[in-house]
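After this come two complexes, each holding chain A, first together with chain B and then together with chain C.
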Partner chain A sequence: MTTLLILVPLIGLILVNLPFKNARRTTFWYAVMLSLMQAYIVLTSDKIIWEGHFDPIEEYFKFNLKADNLTLVMLLSIGIVAFCALMVAKHMIKDEGDLANFSNLIIIILAGMNGVVMTTDVFTLYIFLEITAVTSFIMIAFFRDKDALEGSFKYIVLSAVATVLLLASIALVFMVSGGTSFEAINRAVHANNENLILTAALALFTAGLLIKGGLVPFHGWLPDAYSSAPAPASVILAGIVTKTTGIYSLIRIVNNVFGFSGSIKNILLFVGIITIFVGALAALGQKDFKRMLAYSSISQVGYIVISLGTGTELGLIGAMFHLFNHSIFKAQLFVNSAAVEKQAGTRDLDKMGGFSKKMPFTGLTSLIACLSTAGIPPLAGFWSKLIIIVALWNSGHPVFAGAAVLASVITLGYFLVLQRKAFFGKLAEGYEQLCEAEFGLILPAIILTLITVAVGLLFPLLSNNTLIPMSHIF
Partner chain B sequence: MTMLDYVLLFMMAGFSVFAAVRRSLLQCAFGLAVVSILLTIMMFRFNAPLAAVFELSVCAGLITVIFVYAISLSRVHTQEEEQQADHERKLRYGVLPYIIVAAGLVIYFLQAPLIFTAPPSQAVNDVREVLWNQRLFDIIGLLLVIMAGVFGVVVLFKEKDANE
Partner chain C sequence: MTDQILLYPVIIPVVAAIIALFVTNAKGVKEGLTMLAVTANLIIAVMLFNKEMVFNMPWAGFGFDFSLRLYHFSSFILLAAAGFGFLVGLYSIAFMEGKNSLNQYYSYFLITLGFVNGAALAENLVLMLFFWEGLLLVLFGLIYIGHKDAYPSAIKAFVISGVADVCMMLGIALTGSLAGSLNMTKIHLPLEGLAIAAFIFMMIGATAKAGSMPFHSWIPDAAVDAPLPFMAFVPAALEKLVGIYFLSRITLDLFKFTPESWLSTLLMVIGAVTILLAVMMALIQTDYKRLLSYHAISQVGYMILGIGTGVPAGIVGGIFHMINHAMYKCCLFLTGGSVEKQAGTTDLKKLGGLAKTMPITFTCFIVAAASISGVPPFNGFFSKELVYDGALERGWIFYAAALLGSFLTAASFLKLGHAAYLDKPSGKQEVKEAPLSMLVPMIVLAFLCVLFGVYNPLPLNNLIQPILGERLEGHNFAGFPHSAFLVVMTLVVLGLAYLNHMYGVKKTGKGSGASDHIHYAPGLKGIYAMAERRVFDPYEIGMKLMLWLSVAARFVDKAVDWIYEVFAVKTAESISYWIRELHNGSYAVYLMWSILGLTLIVVFFLMW
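Right after this comes the complex of A and B.
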């Protein structure tokens, strides 16, 4: 099954771009089918099919992929967010050729992210990170307007720095371990305890992934990239791409390859808490809908990193749970911002007001996503933040736990500002004719809201069946 | 090292400087690709096929795509700007070969204490074994990168034509 998640998008991509009549018209629906099938297979399939023992294709193509519980959560998020981005694209990109091109890019980025989450080799991880990055550059600059080109260029420059760091790290690791598989490096780490080269390799790799994840102080590219990208690109970038390339990879590398040393835990805790506060405080001062969401994203990613920094099983569960939740509610908020931008023609919060009266579904779903992000019970975000705070407390970091609670209050503050300016109160002048977005644009927001509410309400059930097994990774 | 290795090494250094100082981005990309191929040949000659495949993957696949993408985003300089940039580039990179030689000498004479348990050597000299059995997934990845590059050029250049 793991092999198919790479081969099916690749083969389909070639087929839908063959010069046959109407072949390109099918691109969008092929991408939709791929994303939905991925989510469906992850949700319904037996775990045994992910182990690859009975798969004849995997015996022929020696890809050495693995899918544990952590991977499955990511594959599910990738499928859901890619579907939502496609739905937004269908309503925001009117030209048929452009829509086909965008769908092609979604298929490539889907395969790229699948590769990132299933690989067991650092060099292959690097290649698939680059696939995702190259596709992201193109998506951001898709319409070639000035801001988008600037955002894309900033992303290229910082991504190139990350690439250099990752490659240097891989070279150092290869020198010591003689291989690039997670297993070989992990063996080398155990055999050469406290080795300077391996420590340098870990530092370089971590720095590269922090850039990819947009963590402070490497976050400069993220607000420009998120806010200047076309709406569907923002949904997929903010929803899942940076989480997969930066944060998931960081979790995998630290947990499965280098292990939790005292210094790496301290670095993650420190970077995490700084990121939470810098993102939250910067979000407070924003007037652009998407820029506020971008800074909020930075802040929420800080929670994931601080949870990972505890180095405990509970911390890992909290990190992965918040990663999943954040990908869902952030994708949703970007879907909402797309709906507002399309209907009202502006992202300036100062020009908005009372939009809930005219756009009730967008207003309600946006409110639920904001409350979940701020950690209000019983929504999904409340549980993941609670786990993070308990993990911090139990691992002997009460100050960090307190700071995380305080930052949640700031989150609630800036999201209430957003809600008040955009959706509550008196309808702003000039928007008397404003109406709700088309159903196709509301549908992804409704689906994502239902997930947020359902995960929150069904948490006791999920905690035993899904969350605790998440910590049992290969 | 044989005479051929020295020739390859000097050619590599020459093309590196060429890639760094040329005005045309396409010529830079060409220089970089030649450096990559020469380095790959050297690695194969030194019985390091795995490292050679890594080098080929990074430069032939990824860097080229990023290069082409960066070219598509760049604007044409005026003649004056070009001359100024050319002058600055030569000043900046002219000293690069000396820095590299100096760094090599420092590392050689200091004998940096890089202590670690050396891994058992894996004598895999057959490039087919490396490409198709060990790194097949990377090849699939490179295919995807190249396709991303193609779509990038289609999307970005198409829009450029429309603007013009």
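Right after this comes the complex of A and C.
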């Protein structure tokens, strides 16, 4: 099963691009089917098929893939967000050829991310990271306009640095462990306590992943990339790509490979809290809808990292839960911004106003997503933030816990600014003809909102059945 | 008979009340329902009289059981409350006819009755508190529906009673934790250490419910604003019953209360002060209902004084005075209601000559007034003699205060009767006697006043003396007072009151001015003026203090607002601006940050 999640997209990619007459037309629908199937399989499948033992294909393709609970959650998120990005693409990209190309990119990035979350080997991880990264460069610069090229270029520059760091780190690790699988490295770490080379390798790897995840001070590329990318690319980038390449990998590397040490915890806590505040405060002053969301994204990723930094089981649960929630509501906000951009033709918050009257669904869904991000009960974001704050408190970091609460007030602050400027109040001049976006563009927003609300309301059920087992990884 | 019958006195009125609340239009249904409920309640109370019974049901957990206990004292309160409920319910039918919010009136009336029953029966202190506090809500409601401007009085009553109830709650919590049980029969604490605080808190709660000073000031205001049967029913009768009942329970059962204790002296001082100050205020009132309401406060003083003495004569006198007071004060308020209904006013300056047109009301008034003034052989005389007896045993000063109170009481009722019933009327309107359903309750109460006086062994031997049991020390207070000195002094005082009244009438020429020479006496005049302006009203003083506090709190609040609305916003804005300035879009700068961050991380890892 695990191997199929990579092979099916890749083989399908070749098939739909064969020079037959109507093959390319089917690309979009093939991508939609892939994303939906992925979500469906994760939700309904038996656990046993993820173990990889009864898989005949495994015999021929030695990817060494494995899927535990955390992986499944990531696979689910990837499926959902990819579907939403496709829906947005369908309505934002008019040209049929462009749409087919974009769908191709989504199929590749889907396979790349699936590889990232399922691999058990640092070098394979590196390869899938690169597949994902290169695809995102192209996605950002898809329409080749000046801003997009600039944003893409910034991403490439910093990503190159990350690549160097990761490769260097893998080389260092290989010197000591003699293998690149997670298990081998983990054994080496246990065998060589306080080894200088391994410590340096961890530092480099961490820094590389922090660049990929866009944490302060490695975040310079992120606002430009997110805001200049075409709308569907923003959805998938902000929703899942950076979370998978940066944050998921970080969780995996820290938790399963190198293990928690005092210094890595401190670094994560410190980077996390700075990221939360810089992101939130920067978001407070933004005038551009998508730029504000981009900074908000930075700030929320800080929460995930700070939670990971506690090194406790509860902190791990909080990090994963917030990762899932964040990919849902941030993807949704970017869908909303796409709807607004398409209907109103602007992203400048100062020019907007009262859009809720004309675009009730967009207004309502974005409000719910904002409240969820700010951690208002009973929405999903409240529970994950609560877990994070409790984890911080229990692990003996009351100051960080307090700061996290304070930052969520700032979060509420900038999102209320966003809501007030864009959706509340009197209708801005010149928008009398504004109308709600097409159904296809509202649908993903509604689906994502429903997920946010349902996860929030059903949290007591989820906490025992899904969240707690999530921490038993590998 | 099963134990569950103990639930009926609570459930029947409350269920009827809930139904009555939703009957807004149909005529006669509310009244019929009310009469049905009070009659059923009365029958059950009679059946239960002098029985011993316990009912237990798990309730809120934590030792808060729904436990009721019937014994002679609670069955006595139950019977008395049922009697008043029946009579005032009957009276209300004619009196309240045509008034607004009738469904609310009857509903609150019945809930009051049910909750008083519950409070009297409750064995668990928390359950008692539940009913006790529940009374507060209907108290507010009953005053509120008086007329459209009655809500300040209602709020006043609510605030004052609420404060007292908080004290009660604290007292109960303390007692429960000290005794390790919330069941009243299991508690008998020695008065030392924290138990003293618990006693004082509960004493405040109980005396305040009975209407003693300094928690009295809502009563005169409510007298003017609330529907009159409410006054006859709640502050005059049921609140006295339940308040004094609980005060007796505290002093007799819950604590080892002895005459030697300083708390006994404290109670007596409260009693004596309440008697004197309230009766002084009553004397100068020129409104029928307001005058009565001050007496409702003043008379509580006798009960508290009596119970506070801690000696058998005093306690018996206090409890006896409670039931006597409830009867004559209820009767007096009902006569006031008749006058209001028939003559259209209760202003003494406008009333007059009602003795001829309303002879039955007048007769009832005479009986009740004689009782409250302590004229032999009416019931008030006997209970007051017992209180005097107890007070004199503890100190002549308390006796003197009580006696002075009697003098002023008699004087004020002479004035009231003279002004309302005997003087020439100022208007010329035709006044008829009240309808029968209003007369019957008055006649019954007046009859009981005579009965309890002339044949006082009946109540004393059957109702009151069993409550004390062993503490009676073999005394029997039934029959005519033993001390000739006390009787003579009482008669002298009554005579003096009459002379004083004649002097006042002669001076001003009219009954309503009989107290003017005291009202405008040098020295007193200024104090009275201030009292009338509510300068001494603890509620008004509290409200003024609250105003100052709220002004002070406003400053603090503004400072806090400034921190949130100006300081925090400005700080966030300037940091936000600074961060935005840093993001200038230069690759080099971003790259530099990353390298710097990387360096820091590597250094950190290698150093630690």
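Throughout what follows, the second predicted complex is superposed on the first by the 474 of 474 C-alpha atoms of A that agree within 3 Å, B and C clash if a C-alpha of one lies under 4 Å from a C-alpha of the other, contacts with A are read in each partner's own complex, and residues count from 1 in each chain.
Everything that follows uses one rule, which is that contacts are C-beta pairs under 8 Å (C-beta built on N, C-alpha and C of every residue); 3 or more make two chains touch, one makes a residue touch a chain.
Just so it is clear, the model here is predicted, and its values are computed rather than measured.
By the touch criterion defined above, A:L158 reaches chain C but does not reach chain B. In the superposition on chain A, contact is made by A:I410 with chain C only, not with chain B. Of the two partner chains placed around the shared chain by superposition, neither chain B nor chain C is touched by A:L333.
Look at A:A380: by the touch rule set out above, it reaches neither chain B nor chain C.
Once the two complexes are laid over each other on the shared chain, residue contacts for A:S263 go to chain C alone; chain B is not touched.
Ranked by how many residues of chain A each touches, chain B and chain C are led by B. In the superposition on chain A, A:W221 contacts chain C only, with no contact to chain B.
When both complexes are overlaid on chain A, the residue A:L281 reaches chain C alone and has no touch with chain B. Once the two complexes are overlaid on the shared chain, A:I197 sits against chain B while remaining clear of chain C.
Common to the chain B and chain C interfaces on chain A are residues 153, 196. Residue ranges of chain B in contact with chain A, taken from their complex: 51, 54, 57-58, 61-62, 65-66, 69-70, 73, 114-122, 133-138, 140-145, 147-149, 151-152, 154-156, 159-160, 163. Residue ranges of chain A in contact with chain B, taken from their complex: 6-7, 10, 13, 61-65, 98, 101, 104-105, 108, 111-112, 115, 119, 121, 123-124, 127-128, 130-131, 134-135, 137-138, 141-144, 149, 152-153, 156, 160, 163, 167, 170, 174-179, 184, 188, 191-192, 195-198.
In the complex of the two chains, the chain A residues touching chain C come out as 150, 153-154, 157-158, 161, 165, 196, 199-200, 202-204, 206-207, 210-211, 217-218, 220-221, 223-224, 262-264, 266-267, 278, 281-282, 284-286, 410, 413. Per the touch definition, chain C reaches chain A in the complex via residues 572-573, 575-577, 579-580, 583, 585, 587, 589-591, 593-598, 601-602, 604-606, 608.
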